[in-house]
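A quick write-up on the structure given underneath.
Think of it as A, B, C and D in the order they're written, each chain with its own count starting at 1.
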Amino acid sequence: MTRLPIIIDTDPGIDDAMMLTLAFANRETLDVRLVTTCSGNISQDKTNYNARSFLSYIGADVEIARGLEQPMFRELEVAEDIHGESGFGNVQFPAPTLPVSKRPAVTAMLETIMASDEKITIVATGPLTNVAALLLAHPEVKPKIERISWMGGAAVGGNMSPTAEFNAYVDPHAVEIVFRSGVPVVMSGLDVTHKAFVTIDEAKSILNIGTEFAEKAYHLVTYYLDVIKRTSFHEENYDQVLHFHDVCAVMYLLKPEFFEGQDCFVEVALEGLAAGATVVDYTNRSGKTPNVHVLHSVNRKAFVAEFVKAVKVISERLQ
Amino acid sequence: MTRLPIIIDTDPGIDDAMMLTLAFANRETLDVRLVTTCSGNISQDKTNYNARSFLSYIGADVEIARGLEQPMFRELEVAEDIHGESGFGNVQFPAPTLPVSKRPAVTAMLETIMASDEKITIVATGPLTNVAALLLAHPEVKPKIERISWMGGAAVGGNMSPTAEFNAYVDPHAVEIVFRSGVPVVMSGLDVTHKAFVTIDEAKSILNIGTEFAEKAYHLVTYYLDVIKRTSFHEENYDQVLHFHDVCAVMYLLKPEFFEGQDCFVEVALEGLAAGATVVDYTNRSGKTPNVHVLHSVNRKAFVAEFVKAVKVISERLQ
Amino acid sequence: MTRLPIIIDTDPGIDDAMMLTLAFANRETLDVRLVTTCSGNISQDKTNYNARSFLSYIGADVEIARGLEQPMFRELEVAEDIHGESGFGNVQFPAPTLPVSKRPAVTAMLETIMASDEKITIVATGPLTNVAALLLAHPEVKPKIERISWMGGAAVGGNMSPTAEFNAYVDPHAVEIVFRSGVPVVMSGLDVTHKAFVTIDEAKSILNIGTEFAEKAYHLVTYYLDVIKRTSFHEENYDQVLHFHDVCAVMYLLKPEFFEGQDCFVEVALEGLAAGATVVDYTNRSGKTPNVHVLHSVNRKAFVAEFVKAVKVISERLQ
Amino acid sequence: MTRLPIIIDTDPGIDDAMMLTLAFANRETLDVRLVTTCSGNISQDKTNYNARSFLSYIGADVEIARGLEQPMFRELEVAEDIHGESGFGNVQFPAPTLPVSKRPAVTAMLETIMASDEKITIVATGPLTNVAALLLAHPEVKPKIERISWMGGAAVGGNMSPTAEFNAYVDPHAVEIVFRSGVPVVMSGLDVTHKAFVTIDEAKSILNIGTEFAEKAYHLVTYYLDVIKRTSFHEENYDQVLHFHDVCAVMYLLKPEFFEGQDCFVEVALEGLAAGATVVDYTNRSGKTPNVHVLHSVNRKAFVAEFVKAVKVISERLQ
């Protein structure tokens, strides 16, 4: 069986770590050729360190390149209140053994893609700055990208501002560049990620795996519960379950049959009060040609089971 | 018992007619001193005609003044696909006996308010053009306005564009002027109006009243069912129930105890893709002083019962 | 000979005072039915006081109504560095004998226009807030307005920001409403007002009239010279001459033959960095129908002579 | 004497050809390591072809890399009405002998800069898309760039729209990225280029050189005279002289003593009516730290003489 060659662009971050868990647990299916770090939840220094420390811990052997420091036009706003100062809540990982690549992220992506015989799939679970810079400066890569699977955006509502999801809010211009690029894009926005949750009871089944890694994974995912606050404008269980936002972007590659979506024309509000709103024309009022496959539904039980399995796989690998 | 003096600004339209039904059924409580028509769902010619024809039919005796033709800055977009060409779906009312007032709407509002000994409450269930023009040109009315109860906006999602509710979309500048005016505002946005629905079975209890008016009311409200289309981004029952958007703005005055809300700072996106988004800072990230009381919950059963009662009251009055 | 009935909307301010001098010196030609004050150079309290004190001093007998306090959407920024704290530089006028009208400005304008048998011309030499509020809230006045002669805007450059003239910068939305209103507009922007200057030697001919009023007028107009600073991006004589900006708006009514202009489509940048830029499509790239007559040239010698004559007329009247 | 290593980014275009003439006439001073073509006046296909054909004709031996096709966010608008369909008016050059580089422009710039021991100076005389993409995707080049000398922008007025110069109008986001980059920037905007003109009589001294190249140069520069139209909002001699816009960007490197300028904070209007306005804070109202050296004056006679000399040098070289 042929493995899917992918590049992962990430800003760990708790749910980025869960996403990496799923990706590296499935190494017979996914061939991760490069990990690049983006700035977003926390600064580039921290996301790159965290990526290296988490991936070192789970025994991944992969090049980890440092990405851009700043969004394209906006000032960086970090979300340390949500992810803890370190980005991993209260959980500690040992110092990384994996080094920082000598290649900056955009150069590493460019060279990885151009050197590949097969088309590359990009998974992105942070602001799209690195990916957009690549597409903008080096459009020659476009025919060699199979698809971009991105966690971000929302057709309805937001979590950073009332109309914007965090990753889109941080760098809306990057999202717009990616959406306009002509490369196929799958968007796992809040519409689907809010349905991709794990209950506390289900999370305990992770703890029950009984390994050190499983325990760390459990504490990572339950850290959110202490910091997320629900308002009357949120869905009712908003603060009682664990949303696995970033995990969706990899799960979709492994198990597309778990998801349902719709091809839509999506445009991004770049400036002003609603900056970062990914305006999904789900009724096709505009009549414009769809440019994004927007996921809206997920088989939650199957999703959770698959994730728990990944924690087990990594756990066993680490024994 | 002292009656609440009110001015109603409306663009009938089906749910505006339901709102007027509730208002005029409660004439012991509400003293409607003036009705003004705004442009929005349909043109000013039609909203003014419809207000007069509907109010003539239900026996209301009130001055009906013609309002502004156009939003403050945007081009008028009418929604005849939703309300039918006439604005009343397939239901016919006789030609109006009530005349068009000689006073234009803003002048009539100005003079009505300045002539009143008591503070006036404004109910607005369309785009806020008339009300905003009044406040902007004649700020001397502000201390004489008790409150503005407006149906419009949304903290989450939209119905005209993915991020904008219809009334806010039509004239976002007017909404912003009203929100900044310093006059107390209660916003019945989609957050609450999507919970203020009537099921088809409940609607049949209107039909069962057995009068001509009840039959017309039933056909008005069920007309929506044929034209509303649900997508996967809508709530599940979106196309199977009747949302009584405009009715909320009057119901709140009659039965505030049916509702729950939150004081929030709200700002409106004026331009661009997300124009008309009423950005409700429900987590108070901005730290700004709340300027709008945003409703988010309603006692639906009590709401429906109260509305059915209003249809009965009007029905009896017409026998 | 029939006199031209006009309303003057002004924010005195030094060059507003010069404009009022010209207007009231020509009372056989101009029938000033109302003066309204706008906020701009300085606050409404001061512009209204100044209008009353200056007009009392020059013996004008006219209703002076208080206008709106704030621009339509933007925060008020006053320019006391240019006009001095009082608005009249170092020149003092006695306390006003003319009272504040009981009618607010918009109501006074509305009633004055609707009560007139002839069409009314509006002269506006400040931000257009009052005029825009009138047109917006009471479109029934439009057929009764002959023309609006406004000092403001610029096809090229700016004086408040690099791309915006002061009056347009203060309330760009008001300018846009006026320009779109369908009422004929003549714009005396910086393009022409920078050519309508008086040299210091010419100003001395005002001083040489030898009256108290002439002396005050001289000190008013030369006050600018101490506060205006030239940069290399300004025209060469920018700080060595006295620009009679506001005077143009009245001079054009008296002596249209002194001016040349072009019918252009003009649109106003409402938001952002370039807010207040009056984008004059002088090459008609857009192909849109002209909505403003934009003045660009003036017979400067004749202009100066006419102004000096006005100072003499008022001086003689006051003896 | 050590030569200045430079990269030229250009969209020939008539005045780009004049700029290249000056640059390659001074090869003892300027070491042109790379020419990249940008889209702007005309399409990338044409600018790259024109750069190769003109440089082949004048005997330049240099790598010419193909740049990006489209502005970062806006649609490309080409200006064939000004430059003729070919971009060179009525003048023909033989088919190019210089090839298209195998390296795309951004890659070629990246590798040229990173491979150099000395800092590189960038001359840019078109929209800044290529340069901005380089800086955005590869910030590691910044410490190795000496300066960017750009023709574009305007403190006062515009030539594409009333508030925007052509190169800035085409890709305002690129300009903003370059201005914010921290790399030293010299802006030869319309403020100085409108003073860098050649009269028709002076142009004849080019013709009088008597060579084929001089004749072509003469016909190139005088082609403008037939297509430029003056309005009353332009300076008086606007259509009677030849503005050598692009030439300024190279002349400044050769003869900085010909120019005067001011360090200013400059920001670019990205969206809307005034998009492309380079808002130069020449009075430092904002108090922000200057980020651009904005030229405003030039020793015109010396400038013209230096340019004529360059035509002679190339002419002699081609004999």
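Everything that follows uses one rule, which is that contacts are C-beta pairs under 8 Å (C-beta built on N, C-alpha and C of every residue); 3 or more make two chains touch, one makes a residue touch a chain.
All figures in this text were calculated on a predicted structure; none of them were measured in a lab.
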C-D or A-D, whichever has more C-beta pairs in contact: C-D
Label of the chain whose CA centroid is most distant from the centroid of chain D: B
Centre distance in Å when chain B and chain D are each reduced to the mean of their C-alpha atoms: 58
Centroid spacing, where centroids are CA-atom means, of chain A and chain D in whole angstrom: 42
Sequence positions of chain D contacting 2 or more other chains: 270-272
Residue numbers on chain C that touch chain B, as the complex places them: 68-69, 72-73, 104, 106-107, 110, 133-134, 136-140, 173, 176-177, 270-271
Contact set on chain B toward chain A in their complex: 155-157, 161-163, 191, 229, 231-233, 260, 262, 267-274, 277, 279-283, 285, 296-297
